[in-house]
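Labels run A, B, C and D following the written order; every chain starts at residue 1.
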Amino acid sequence: MNAVLSLVAVLALVGLAVLGVEAGGLYSLFGVIVPYIAIVLFLGGLIFRVLGWAKSPVPFRIPTTCGQQKSLPWIKSSKYDNPHTGFGVLVRMALEILFFRSLFRNTKTQIAEGDKVTYGPTKWLWMGAIAFHYSFLVIFIRHLRFFTEPIPFFVDLLQTVDGFMQVGVPVFYMTSLIFFGALGYLLLRRLAIPQVRYISLVNDYFPLFLLLGIATTGILLRHFVKTDVVGIKELTLGLLSFQPAITEGIHWLFYVHLFLVCTLLAYFPFSKLMHLIGVFMSPTRNLANNSRMVRHINPWNAPVKVHTYEEYEDDFRDKMVAAGLPVDKQPEPKPAQAEKE
Amino acid sequence: MAEAKPDQMDYYQQEDLLKPDYHPPKTGWMDTPVDFRPGSWIYPGKPKHLEYLGLPNPREWAVTDEDWKLPENWKEILLDGIQERLDKYRTFKIFMDVCVRCGACADKCHFFIGGGDPKNMPVLRAELLRSIYRKEYTLAGKLLGKMVGARELTIDVVKEWFYYFYQCTECRRCSVFCPYGIDTAEITMMGRELLGLLGIYVNWSIEPVANCFRTGNHLGIQPHGLKDTLEFFAEDIEEATGVKVKIPINKKGAEVLFVTPSGDFLADPGTYTCMGYMTLFNEIGLDYTWSTYASEGGNFGLFTSADVIKSLNAKIYAEAKRLGVKWILGGECGHMWRVLNQYMDTMNGPADFLEVPKSPITGTVFESAKSTKMVHISEFTADLIKHGKLKLDPSRNDHIRVTYHDSCNPARAMGLLEEPRYILNSVCNNFFEMPENTIREQTFCCGGGAGLGTDENMEMRLRGGLPRGNAVRYVQKKYEVNQLACVCAIDRATLITVCDYWAPGVTVTGITELVVNAMVLEGENDRSINLRLEPVGEQKEGSDDA
Amino acid sequence: MDESRRNFLKCSTVGVAGLGLAVPVATAIGKALTTETLPGHLSAKRWALVVDIAKCQSPDVQHACVEACHQIHNVPNIEDKHHEVKWIWKQTYTEAFPDQVHEYTEDRLKDAPVLVLCNHCERPPCVRVCPTQATFKRADGIVMMDMHRCIGCRYCIAACPYGARSFNWKDPVPHIKNVHANFPTRCKGVVEKCNLCAERLAQGLAPACVEAANRVAGPDAMVFGDLGQPDSNVARALRTRHTIRRKPSLGTAPHVFYVV
Amino acid sequence: MHDAGKVIIGLAIFVLLITFPIWFTLASGKAGHRPELELPKNETQCVESKEYMKAWHMDLLNDWRDAAVRDGKRMYVAEDGKKYVMSLSLTCLKCHTNKAKFCDECHNYVGVVPYCWDCHVDPKGD
């Protein structure tokens, strides 16, 4: 149900763009105004969200430790899975962000032979995630050829590597295929694994369908519906040099592609896609496990009601004295004893 | 034999518990109500404890009641509470926002593995709270509602929170696998704090909290009672070893203050661990003291709220200062070390009146504890052994085939993995590891941590204990393991049940008990009986019978 | 629809599979191509070449052949034997015909230099092993290379028993003295060999080596023609002269014959 | 603790990276750059229509090479019936005499690096 809703939403967006451009001729809207709104929403929204997170302090140092702590000098500590230095944290974060270290640990739990709980390694989700994110990154960087003049060397380099197979003209990029495959996998597992389907919301399917739409229109534009790419670059350069002008003769499918990308940008800061930034800011990963070495400060560390030793001794003084335990304040001498003295 | 009741383990058939239904129900999770069946939840906190602690809304009520007697403005209280916590904790905010529901955490939770209830998947446990957050704090949630996982805050949601936030042992195993490090323990803690605002606590943790506040320990042992207990232990030690140990209590000017969970004063086998500490310290001549005021290392505040953690924990530094000790030594306990490692210095420090811990026996300076000034007994003992300060005869433990259970908190909130293993390898000849996905940072909870270790919660304890119990049974079958060592008082209490049910014949022990049983003491007797006052070697026969 | 496009479509169809878009879009691709052969082009049922060893033995002839071929095909001249590229070259009789020689082979032949080139076999092993069909056999018997498709795997080099194939270990362009603009060079990483002057045949010209040999050594030093026509000079030459082929026991059926 | 410094530095880096096209292009001063093609002086008609060539020239060349190399057919019959020898160097470059001012203009502008020129010779040099 949630999947169908998401698909319908994406198709509606496609329809909107087609109608707007083909029937309505709203080129300036879809070619200029929407992109500007989208980028403002993306950057503004993202900064707003991050500052919102940052406004709340990290009161405690609560890293999840995944290895031996730093303790006695002769015990080898796990520098990166349980870092106690800033450098260790840096490596841990790099492993996490570049290689999805935690997901790489993933296991699959099963009850085998009726009574054995087993935990096998499973790398599918990790592979799917890595394939998806890296091909996305490559595709993103590749697109810089439409956004920069002159085109930086690394964009050309990346294109050459990505099109290394030299299949077809224009060459088919490997990442296009990987991106599609990974997206398909991520979507299928959401639909096929009962538990994952059970937790999946529109928020989970929508970005997948949106990206599938973006990828499909992109591949169509490159290989099947060849449009005037020079015109497209003139449009984008106009946009980013703040002298927007619509170029004539660009295929309507391009406006669909652009509109879906704009939707993604505008949707990004207000969705789970913010894990892009969240992964950097998660206090269970980005803090060193050195709270016994360095005092961590809690800015709202307010005083609380404490049962002080004095109150405690007042409660139990007689019993303590009777048991021969030392007390700070001797009990009031009883009148009878006072008389004796 | 009388019919077994839901709070007894015989009530549950292993065949049933071994067949959890992993298929989610037909109805969506928002439309599936909580099933408050006996054995799966814990009695509410008694009003007298709430009153004593000054907590809100003390009243008599039962979980199965339709009316939980919440304050009129309960909704406002909760929403304000959520806002307050969003402002106080970046973790809470980020964890509400970034989950992508990839599901990697799902089969990492012992309650899900053993029970199959989808709301015990960490992701869905968090969604219980997230759904309200979305409704109140996100535009999409306000507009699109259920589609985007947002829902209205109702009494049923509160009941669901109670059920599932008290079906999480805050063990953090899921956090290890989460690509964003989302820590369900944090979310559960927030959830429990919010429930606390309405006076919803479980008695199993709020009574110890009240006790601890007044007497200094969870069990409510008063100063003279503690003295009696320790003296009683000393008698047993003398019987077992022939050595008469000293019992320094509230001794001003001692070098070290020793703090351990009060479970070790009361229940076997924690008591043997306690006897172990006393014997060890006596043998090495450590100038230490017990405290009656700070007679609790554990901190059920961790299962209640941040303020209560702080309030109970404050006693340790206060007492260290009053007694004028140089540093603090902590006993074997799980969640106690989470507090000591991650919260104590921040909450109640700086401990600038103490010195950087230095072992008076070996001269080792514990640099890694230079700010909290608090050392773990396993670090301390491992250092003693490394320097050859203990005379050990590991063959005295030859009748024991031991495995080691990493307690969740020392493993995943501290990283104490090698020290206990080093000790075990030094004092036992037969040490066997459980399978690798069940130890170290991937260790499984006993199923009864975070205030869930009570009998009325038996079904969940057995279900949650399945992964751990199964791993124990694996080494029991493969290596004839007959004893499970751990460094956690809750483990020593709850793993007995888990082992009796899932791996009968395996007993539970603390590490220090094994250390002292292997130690050659000055002036010792023939050591024919161990600290349990059992003839050495008997245990093996016993387990063979089982 | 031609081969490479079909393959490309296969790939891209996989890419957009499940979207139901591949078919309608594929049909929208540009129009089908209308092509013809060039006027006056030479065609044959089966091209064959007969080399007269004796007539083509002199260094002048051999040099002229090699030069003519390598010049128009932009074959680089690389000194280093390991990186050498060659389409036509000389070998001793003993090297070229190892199964013809015996310890009493006449002296005039034993060390005689023989011009060798791709044999345009009837059953070419290089075609069988090529994973991308970059090397293929045309209907007229020419074993041809499509450089665009070569992925440099060098299976064909391993498969060819005549050493007729060279690999471009480095960029050949700097090693070409005068680049001949009408013929493409090759790039680093592809295999190349004699194409029996397919581009010249298309224009109605005989292969460059044949032209050069007959010019320098006199008529019939090399005879080139259609073996499929019984009255062609090549067919006649084979009928009337004693000819041998290189390594006949391998069963590749070379179509370059040698008059001993 | 807020780590405000780290958050702001991180955000700044992120914004800088995301806006790379804007400041990079503005800094290069080439935002207004457009390809300028030098069209053949003595020929007004390409083998096919301008629109077709703009969109599909790469496919046409691809088909040409297959026809020539694989099928041995080297003559192209255009839509209008005119015939052309299928040769990049001999036919295309005969009119478009300056590769740099024709092919490269657009290719460079949109970052297309065709591998034609790895082997095919630009008679004028490049």
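Assume a residue touches a chain if its C-beta (ideal position, glycine included) is under 8 Å from a C-beta of that chain, and two chains touch if they have at least 3 such contacts.
Since we're looking at a predicted model, the values are computed, not measured.
Peer 1: Looking at chain pairs A-B and A-D, which one is connected by more C-beta pairs in contact?
Peer 2: Higher C-beta contact count between the two pairs: A-B.
Peer 1: So which chain ends up closest to the centre of the protein, judged by Cα positions averaged per chain?
Peer 2: Checking distances from each chain centre to the full centroid gives A.
Peer 1: Could you tell me the distance, in whole angstrom, between the mean C-alpha positions of subunit A and subunit B?
Peer 2: 31
Peer 1: Take the average of all CA coordinates in subunit A, do the same for subunit C, and state the distance between these two points in whole angstrom.
Peer 2: Using C-alpha averages as centres, the distance is 57 Å.
Peer 1: For subunit B and subunit C, let me know how many angstrom lie between their CA-based centres, rounded off.
Peer 2: Once rounded, the distance between the two centres reads 80 Å.
Peer 1: Just give me the whole-number Å value for how far the CA centre of subunit A lies from that of subunit D.
Peer 2: It comes to 37 Å between the two C-alpha centres.
Peer 1: Residues touching two or more other chains, restricted to subunit D: which are they?
Peer 2: Correct list: 56, 59, 62, 115.
Peer 1: Scan subunit A for residues touching two or more other chains and write them down.
Peer 2: 53-55, 57-59, 166, 168, 281, 296-298
Peer 1: Would you mind listing the residues of subunit B that make contact with two or more other chains?
Peer 2: Residues of subunit B never touch two or more of the other chains.
Peer 1: Can you list the residues on subunit A that touch subunit D in the complex?
Peer 2: That would be residues 43, 46-47, 50-51, 53-55, 57-59, 144-152, 155-156, 159-160, 166, 168-170, 226-230, 233-234, 237, 240-241, 243, 277, 280-281, 296-299 of subunit A.
Peer 1: Where on subunit D is subunit A touching in the complex?
Peer 2: 1-4, 7, 10-11, 14-15, 18-22, 24-26, 28, 30-35, 54-56, 58-59, 61-62, 106, 108-115
Peer 1: Going by the contact rule set out above, which residues of subunit A touch subunit B in the complex?
Peer 2: Subunit A residues touching subunit B: 2, 5, 49, 52-62, 64-72, 74-78, 81-82, 84, 96, 100, 102-103, 105-109, 111, 114-117, 119, 125, 129, 193-204, 270-272, 274-275, 278-279, 281-285, 289-298, 300-301, 304-309, 312-313, 315-316, 319-320, 322-326, 328.
Peer 1: Which of the residues in subunit D come into contact with subunit C in the complex?
Peer 2: 52, 56, 59-60, 62-67, 69-77, 79, 83, 85-87, 89-90, 115, 118-121, 123
Peer 1: Can you list the subunit C residues touching subunit D in their complex?
Peer 2: 2-5, 29-31, 33-39, 41, 74, 136, 138, 140, 144, 146-148, 179-187, 198, 202
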